[in-house]
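Here's the structure we're looking at; comments come further down.
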Amino acid sequence: MSKLLPDHLLSGYRSFLETRLPGERELIRDLAERGQHPKTMVIACCDSRAAPEVLFNCSPGDIFVVRNVANLVPPYEPDGEYHSTSAALEFAVNSLAVEHIVILGHGSCGGIQAALSPAFQPLSAGDFIGKWMSLLEPAAKAMGSNNLMTGRERQSALERIAIRYSVANLRSFPFIAEREAENTITLHGAWIDISSGDLWAMDPETGDFRMTINE
Amino acid sequence: MSKLLPDHLLSGYRSFLETRLPGERELIRDLAERGQHPKTMVIACCDSRAAPEVLFNCSPGDIFVVRNVANLVPPYEPDGEYHSTSAALEFAVNSLAVEHIVILGHGSCGGIQAALSPAFQPLSAGDFIGKWMSLLEPAAKAMGSNNLMTGRERQSALERIAIRYSVANLRSFPFIAEREAENTITLHGAWIDISSGDLWAMDPETGDFRMTINE
Amino acid sequence: MSKLLPDHLLSGYRSFLETRLPGERELIRDLAERGQHPKTMVIACCDSRAAPEVLFNCSPGDIFVVRNVANLVPPYEPDGEYHSTSAALEFAVNSLAVEHIVILGHGSCGGIQAALSPAFQPLSAGDFIGKWMSLLEPAAKAMGSNNLMTGRERQSALERIAIRYSVANLRSFPFIAEREAENTITLHGAWIDISSGDLWAMDPETGDFRMTINE
Amino acid sequence: MSKLLPDHLLSGYRSFLETRLPGERELIRDLAERGQHPKTMVIACCDSRAAPEVLFNCSPGDIFVVRNVANLVPPYEPDGEYHSTSAALEFAVNSLAVEHIVILGHGSCGGIQAALSPAFQPLSAGDFIGKWMSLLEPAAKAMGSNNLMTGRERQSALERIAIRYSVANLRSFPFIAEREAENTITLHGAWIDISSGDLWAMDPETGDFRMTINE
């Protein structure tokens, strides 16, 4: 079997079978029969240290999850091209009728770091990651040239700016803006410090982030 | 605090703080300092019942994860547009040098179900999910019209076809094909039965799926 | 007596006499006889919410304390004028031979807020607070015009920039620079979140602030 | 963490977290939200044995505190230079509208001792502490040559003279004199015997100091 899947996944799967699955058999059968009805969609980063199911101790069926580099939501752009994140938004909101969308950022984000690096240049064709992070280019350039702040401060500032940017872009989708106006959906921002596990939540009025543990 | 994040996430986060974080403090500090070096990238579905960290019982740092609707990898298309999944692939392979990429599909996939539905039509502008699933259009049309198979059979057949299609598309990326030729990266397919927790792995020679528990 | 001192100070003094003084009689007599030999000088803000003796639970004799608006250290300027903070530095370092100097900033600092306000103008004579905060003018202007960050983020960023600025100014005093070169004095930065009591300490290598509770 | 802050401060901070913070959480959150509104400003000495928050058993938000060597208020001098103490006075009176200003002197003051020493000479450039204490030069010279009093008597006499001098200088600030005339601010002098904890308050009519415990 070692050829079919990486060993560490297989041994992890055996742990899942022994420790977690027995307690969830009924739940997953039920979810398979009746379909998923998650209340919340989370847009998180691909980073191996920022899994939302771990952070929020989720059970199967709890959250519908997009993960892309730097947890970005592009602006609404109905141009007939493939839009992975927009497609997931459409499915979560229009088909699953989620009640919450959470943009979950995190510290030490490699995509944000790349965007802030001095080599952030006009992008060549085929440079997927550069093009993707260019969604943040104006903010990244403004923050990247701020020499009063340390590298880490610029990074965590841009991580939060990016979360606010993605929340704003959520509102550019008509089907989200309508539901927000009707109070049937709520948009949230959050940021996890991956070195400590501290979770910060965005104040929707001011855009500030506050440690949830202190609330 | 209930205003800033959905209650079920906050109570889950408190469980995480109490039960899981204490045992992982050293690991996460170390990962934050030294950076992530995941060996494996997993491309999974957004579905709330198919979290790869749960299925593979992962620790922080183990897997780099993309999640999009129906765990699709589009073909290599360096056209200067935003490509979320391609950007993540580029980052995982070129920057993080992952050794494995796993396409993880699952049963009862809503995206696959939509692709198979009779209403699968030429796509209107703004129809993000339709456009996204149109990556599978030829296969979906062929399978959708196969009246010899039951609805469930068509669905799980297309789920597996889609995994093979995504593995093939991975090879269209030059930076992946090169590494596969050098034996520094291995491509995998897997499929999880969300009603039972059974994991099936794809045989790279034949494309067949086999239950891992039987290996 | 109510005429001689404000009532709240007199009642506080009676509490001190009853609850704290009895346990410290020997200590204070000893300190009065032998003189003070504090190991640490703290430069803190006048703010009523940021008393270093409270935060660090100090006993008499522990810390030598300057408090001025925004805990600023001006650059070394031996021009024969009155320099309150420089005088205290000279006394603490040359006479008391303190081993540590800590710049202690804090959140919601009114001085920093004033510096960031749009009305921060060329200063009129007699405008003591404006002139004092003009020590931070270049940084305040740069941060004040950063519209990507929220007001609170600009504020806490400038609070930290100001601490680094003051630490750098400490090194402009020859008697401090010499002792730092001899390793007989260490310079520190710290920042207290007055809404939560969380203490952040500055990394001397990078200038970053880290929560001490997580160390 | 021992590298980032002196050990004695960190262990004191831990005591603060365990013993004092729990009882003040609501108060500090409230103060952070609503801002500080201290009724009283205290101008005290840097001396490690004379912390006003300890002496007056203050809670967060109670007193706005300047600490400089020998708790001196220089005369009003609007010359466009940096004036740390004057800036704090301006902020406390004009922005915070404090109702009381207390000059708090203390026994065994090192600054006063230096001013009285025979070596009190015309000050060289760069001699910050000498220049600072020269605010008291005429009085210090007169008292220093008074051989009828003992050294200790000269010292505590000058400590009280200095308090009356600072109270008088407070009145040289137009914004203070105006408010005193309107009865919206009251000026006080006090002196603490650091060997016994006895607090003496100044009679505003006569300038005499009386033990508060006897009132």
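We call the chains A, B, C and D, going by the order they appear; numbering starts again at 1 in every chain.
By our rule, a residue touches a chain if its C-beta (ideal position, glycine included) is under 8 Å from a C-beta of that chain, and two chains touch if they have at least 3 such contacts.
Because the structure is predicted, anything quoted here is derived from the model rather than measured.
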{"item": "Distance from chain D to chain B - Cα centre to Cα centre, in angstrom", "value": "66"}
{"item": "Interchain centroid distance [CA atoms averaged], chain B/chain C, Å", "value": "53"}
{"item": "Inter-centroid spacing, chain C versus chain A (mean Cα positions, whole Å)", "value": "39"}
{"item": "Distance between the centres, which are taken as Cα means, of chain B and chain A, whole angstrom", "value": "15"}
{"item": "In chain B, residues with contacts to at least two other chains", "value": "none"}
{"item": "Graph class of chain-chain contacts, one of line, ring, star, complete, other", "value": "line"}
{"item": "Complete list of chain pairs which touch one another", "value": "A-B, A-C, C-D"}
{"item": "Interfacial residue positions of chain C with respect to chain A in the complex", "value": "139, 142-143, 146, 148-153, 157, 160-161, 195-196, 198, 206-208, 211, 214"}
{"item": "In the complex, chain C residues that touch chain D", "value": "1, 3-6, 8-10, 12-13, 15-17, 19-21, 24-25, 28-29, 31-33, 35-36, 38-41, 46-49, 51, 53-58, 60-69, 72, 74, 78-92, 94-96, 99-100, 102, 107-108, 110-111, 123, 125-129, 131-133, 135, 186, 188, 190, 194-197, 199, 201-204, 210, 212-213, 215"}
